[in-house]
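One structure follows; several queries about it will come next.
Note that the chains take the letters A, B and C in the order they are written out, and that residue 1 is the start of every chain.
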Amino acid sequence: MNQLLQQLVNGLSIGSVYALMAVGYSLVYSIMNFSNFAHGGVIMLGAYFGFFGLTLLKLPFAAAFILASVGTAVLATLIERVAYKPLRDRKAPFLYFIISAMGASILLENVVIATIGPTFRTYPEIFAREPIALGSLAIGRLDLIMFFVSAFCLACLILFIDKTRIGKAIQASAYNMKACALMGVNTDLVVLIVFALGGFLAGIAGVFFGMKYTVYPQIGNITTKSFIAAVFGGLGSLPGAVIGSVLLGVIETLVAGYLSSQFRDLIAFVILIGVLIVRPTGIMGKTAEDKA
Amino acid sequence: MDMTYIQGILMLAGINLIAVLGLCLLTGFTGLFSFGHAGFMAIGAYIGALMTVPPSTMPGSIGGLGLPFIFGILAGGAAAGIVSWFIGRITLNLKGDYFCIATLGFGEATRLILNNVQTFGGARGWPGVPQYSTVLTVFVVDVIAVLFLANLVKSRHGRNMIAVREEELAAQIAGVDVFRYKMIALIVSAVYAGVAGVLFGHYMTFIQPKMFSMTKSTELTIIVIFGGLGSISGSVLGALVLTALPELLRAFDIWRLVFYGAAVIVIMISRPKGLMGGMELSPAGIRKIRAERRARLALKEEAAREAASGGRS
Amino acid sequence: MSVDILEIKGLTKRFGGLAAVNDVSFSVREGGISGLIGPNGAGKTTIFNLITGVYKVTSGEVAFAGKRIENLEPYKIADLGVTRTFQNIRLFKNLSVFDNVLTACHMSAKYTIPEAILRLPRFRREEKLLADKARGLLEIMGLADRMDVQANNLPYGLQRRLEIVRALALDPKLLLLDEPAAGMNPDETEQLMRLIMDIRDRFTLSVLVIEHHMDLVMGICEHIVVLNFGQKLAEGTPDEVSVDPKVMEAYLGSSGGTAC
């Protein structure tokens, strides 16, 4: 029982970081209808920005955090401009976006390998290693902070989307981009903001990921799992992305705890296929009949 | 550069070509995108090896059945085809992006499962696969693969696949069993990928799950698009160029993959139709291009004439 | 005396809360030209989608030549002899005019995939038949001189016509036309009317046409069904329908202005 609770707590914490990444995939999908595989590379660079902020620039933790998230927000919009904007202008089919995203992801990963090197780097210890005892539960300080910061950021994001004018424009563009453009919404700006938001959260997630594990150029591959979480939830749905991520985090930790840690990565893909069979557009995805 | 080096590149290009031709049917002609075909290559490579590797004599080495190469090729292709049928049953009804995500899931799951199957060496891999792939075998398989594909595409079955790509709904209304033709395209592409996997294993003489990662799947799809969707000759050119290019760039060492990534983006944004853009380098293909050009000119002339006469009246 | 080729009974389609088609019943006489009219959003296209299996019906029946076809796969319905054109043209855009029609002829050949790959005699024989058939159709329909044009380079009116040729390639018994005259000028509309009647006679089929051009509907249809808000408002000959006060009000506008 106790062990189960402990696993659940760990799962929630990692799930909340997945959620930070997953909303980035979902935001972009909701307005542009393609899976932005360059997002993994952005997260990876977030981890590096944070790392160098702390070690090279000797910034305080909060400053490094902001450096990382602002850096990735800029990077994400830059990728949009270079790799997607020309395709958007041409109304290219989604495949071109995906391939361009793959190209960007290959580019980012290898730029890092070529300049920084392929080695694993460990974040300096910011939070004491020994966990906080909570009854019989032992909760890692980092896990706790990860959970609260992620939850806070997600709450802010959802408020932003729900309450602000820009947020409403994003929602409207997700519903019908063409109509919005006709109504005078600057859809180009909406797209940029969406990438900036996704990039900002990716930076935070990257720093946490780097702190929890290590930093290396292929982190992006692991973040594929957050993409899968977004798919579980139903691509394009923010609440779906959060629910999917938390579920994935919990299931993964449970599988690693009770079955074998070898299946940890496998389980995500197995669930992915399972979910798609039962609910072809994810938990919260739209299932309307195509209009003919 | 010595002969063996060039030969190596040609072999790799020829092997890639087989998988690419399969994807050419799936993506270029039927309009389905896969990011998991490395999974079918893996299945081919492992089943193929299982057929041809001699039975184990020493403890610790992984043994197979010791059959001739042709059985390896057939079994590898068949195994990939059978698996693809199951995958198709559950994923081909998915819409757009979701099919391609499901294939990504399949490819990664295959790799991770192989990582955990200790009988085949797990993540460490399986050494000692006999070196049966020769320039001749690869070439022969390539020729057969091209001929089969070209003949398939130029038949009512191939046209039905193209109809699915062009306008799925209209295809259905024209009596095309869309699911069936998607399934056929998927199975053919998986068999091709499986055969490519067998040849690859028997060229490298060593197979390891991480050779068949998502990066490999992506690479195959990139080649198809680079060559031009819906063009077999484009796929052939694409496989040659894009297999050779990274090898030739080896001099730049770590920067070559940076170039590669950048090149992919540049191709997407600047030359969306790929090298061949749906045209074929064959007598019939060239006739077709010329007929189309003539028709376009005639159309333009007519419009101009109409505009002129409209202006006078 | 007359036989009904298509019978629709109590047909209903709901999208969420909206009943796009609500308890509609009507029939199409064999060999006749029937019209389906109604204001925008009345549910006309939805009825086509239900007949051709593109949408699953919520309730009700569709019977074609005495056989229930609702909820069959679209390609099976096409096999039985029902085909259509689309309101927003859906050609195989990147293919030539000839290939558009040739593709749709596929059901006239029976050769299998192995026969195609090995180029066996049946493949050669049937492929030649298909090409002749496609060419013949294009000639009859006056598109023979544009055979090599890529479909999306055709002028708009000819694209609509090509869609009809493609439908005819399936040897249909019932042809559904969704706003075939949309975007055409009076001249072209006139031509189209003659074409539709010509097709009906030459290919011995039945036609159900959705159209906003009243001249066309009134000119060629023997029987008209009027829809409004998903429900059947009236039904009858052009003369009956055009004087029906309910139709005047709903369709022609309460001001009673002339039809567009």
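Following the convention adopted for this analysis, a contact is a pair of C-beta atoms (placed from the backbone, for glycine too) under 8 Å apart; a residue touches a chain by one contact, two chains touch by 3 or more.
Bear in mind that the values here come from a model prediction, so they are computed numbers and not experimental data.
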| item | value |
| --- | --- |
| Innermost chain by mean C-alpha position | B |
| Most widely separated chain from subunit C, with each centre as the mean of CA atoms | A |
| Interchain centroid distance [CA atoms averaged], subunit B/subunit C, Å | 39 |
| Subunit A and subunit B, separation of their C-alpha mean positions in angstrom | 30 |
| Centre distance in Å when subunit A and subunit C are each reduced to the mean of their C-alpha atoms | 47 |
| Where subunit B touches two or more other chains at once, by residue number | 169 |
| Set of subunit A residues in contact with two or more other chains | 292 |
| Overlap residues in subunit C, where contacts from two or more other chains coincide | 54, 86 |
| For the subunit B and subunit A complex, residues of the former touching the latter | 27, 33, 90-91, 93-98, 100-102, 105-106, 108-109, 112-113, 115-116, 169, 214-215, 218, 221-222, 225, 254-255, 257-258, 260-265, 268-270, 272 |
| Residue ranges of subunit C touching subunit B (in the complex, touch as defined) | 52-54, 73-75, 78-79, 83-84, 86, 90-96, 99, 102-107, 109, 111, 113, 116-119, 123, 126-127, 130, 145-150, 153-155, 166-167, 169-170 |
| Residues of subunit A that touch subunit B when the two form their complex | 29, 33-35, 82-83, 86-87, 90, 92, 94-96, 98-100, 102-111, 113-114, 221, 224, 228, 231, 235, 262-263, 265-266, 269-270, 272-273, 276-277, 280-281, 290, 292 |
| Complex interface listing, subunit B residues touching subunit C | 148, 151-152, 155-160, 162-163, 166-167, 169-178, 184, 230, 278, 288, 291-292, 294-296, 298-299, 303 |
